[in-house]
Amino acid sequence: MELSTSELAGTPVIRIRGEIDHGNASTLSTAIDDLLNTEQHVIILDVTQVDYMDSGGISVLLSALRRLRERGWLGIINPNANVQRLFQIVGLALDSSFRVFDDNAAAEQALRETART
Amino acid sequence: MTHSHIAFSRSITVQPDTSQLYEVRRFVESVAADATLDSERTFDLMVAVSEACANAVEHSGSPGLPVKVKAACRGGRLVIQICDYGGFRLPSTANGFQRDHRGLGLPLMVALMDEVRIAKLSGGGTKVTLSVKLPAPALC
Amino acid sequence: MTHSHIAFSRSITVQPDTSQLYEVRRFVESVAADATLDSERTFDLMVAVSEACANAVEHSGSPGLPVKVKAACRGGRLVIQICDYGGFRLPSTANGFQRDHRGLGLPLMVALMDEVRIAKLSGGGTKVTLSVKLPAPALC
Amino acid sequence: MELSTSELAGTPVIRIRGEIDHGNASTLSTAIDDLLNTEQHVIILDVTQVDYMDSGGISVLLSALRRLRERGWLGIINPNANVQRLFQIVGLALDSSFRVFDDNAAAEQALRETART
């Protein structure tokens, strides 16, 4: 798993590449915690290049979501069909603080709407 | 009409470390290809096997003892067994409330598989048997 | 030496309401007595069956559809099957963090039983099969 | 399941009789919550007459324990052998804020020691 950080409309985006499992989830967790500690209202994960994720990764998303819920939301860009199905199975897909976007443009628009309110 | 039969049995043994999960998934991927599973069911099986192996590594309390993964294609199903040589135990509540995750592994295995079987091994240890039905016409 | 054989099969069907769990345990108690389980294993089986039935009632999402509990004594084991006609699903995370409990049901069943098997029924629904070994000389 | 409330050295004791399961755990939960809201540091459950308990009951104990942990402890009087075994299996027995006593006298002594500190 490789991580790289950038920004979208002033919001931090972590691009993840590879497989997220119980062996490397803590690396992702640390990267997200660093951003959470800066009091960000929204964090975005670009998972375009994530081929695989299991409850190791889901647990990290759940922890992030728990901390973000009161102040904003967690955004996910471009999960593949299997990862999206996993989000449905674990019940994340119904969570209004967990927002999935097809691409950067859709995420950016949502960020601008959030900034306006 | 008779079906082609490609019954097989393959196994790997890995060290009890979560860094080995990547390797285990390559094994599952290869076995799933042999059994002609589609990419969706292959993903489901990779997740379920990873969860079972992660549990064996993280919870069985058998540091150093390897985890065995055995795959067999038979009776219209692809069946994968994961064995560890520790003991099945629940987490203590002493630090329990700091846990971020919610015990997703077992329910996720059940949600993804057609059948999950968990048995105690007589010498101590846990055997998890995961099975998925193969698409008709069954190949084994 | 031949063992006495008291193989049997008994079942009850209850309404999908947790108030029925008390009734289910009386059934388990009676079946366990027939299979000559000691009080410790009887308790374990009552807990495991109650957990499985509570799950069927609370999670399967099949309001009104009954839960079937079938007990059979065979092959040196007492085997109890719990069937519901809903769907296996994980809880949504939307309200998930208010949950006080920690998903103890499935791990507890596994910890208490010799084997736990969870299969999807073809028409939808979940079949949980719990089994305990009978003390030797096995009575069935 | 029947509940009755009394006191031991100034600490509330709930005596429980019968079977605690997923069908009636909420009744016990309500009784405990009422006491927790009075800011009690310790709550005692006398389970001498509890024949049966499953994760329905364990969940209630875990919730109570979570709220009591910082201010005191949860005491249990006289669980039968099976219930005690269940406490071990679910990992409660190792929890220092979860204290099991053979009888009233032992619980009373612990309460006096807690009061002294």
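Note that the chains take the letters A, B, C and D in the order they are written out, and that residue 1 is the start of every chain.
Definition applied: a residue touches a chain if its C-beta (ideal position, glycine included) is under 8 Å from a C-beta of that chain, and two chains touch if they have at least 3 such contacts.
The shown structure was predicted, so the numbers you read here are calculated from the model rather than taken from an experiment.
Number of steps on the shortest path from chain A to chain C, with steps defined by chain touch: 1.
Chain pairs B-D and A-B differ in how many C-beta pairs are in contact, and the one with more is A-B. Comparing mean CA positions across the assembly, the chain most remote from chain C is A. One simple way to say how far apart two chains are is to compare their mean CA positions; for chain A and chain D this gives 41 Å.
Between chain B and chain C, the centres computed from C-alpha atoms are 23 Å apart. The distance from the centre of chain A to the centre of chain B, each centre being the mean of the chain's C-alpha atoms, comes to 27 Å.
Those residues of chain C in touch with two or more other chains are numbered 89-90, 96, 102, 104, 108, 111. Contacts with at least two other chains are made by residues 62, 66, 89-90 of chain A. Viewed as a contact network, the protein chains fit none of the simple shapes, being neither a path, a ring, a star nor fully connected.
Chain pairs that touch one another: A-B, A-C, B-C, B-D, C-D.
Contact residues on chain B toward chain D in their complex (touch as defined above): 89-94, 96-97. Those residues of chain D lying in contact with chain C across their complex are 19, 21-23, 52, 54-56, 58-59, 62-63, 66, 81-82, 85-86, 89-90. Interface residues of chain C facing chain D in the complex, by the touch rule stated above, are 17-22, 25, 39-40, 43, 46-47, 50-51, 54, 57-58, 100-102, 104-105, 108, 111-112. Residue ranges of chain B in contact with chain C, taken from their complex: 88-90, 96, 99, 102-104, 106-108, 110-111, 114-120, 126. Here chain D touches chain B in the complex through residues 62, 65-66, 69, 89-92, 94-96, 98, going by the rule given at the top.
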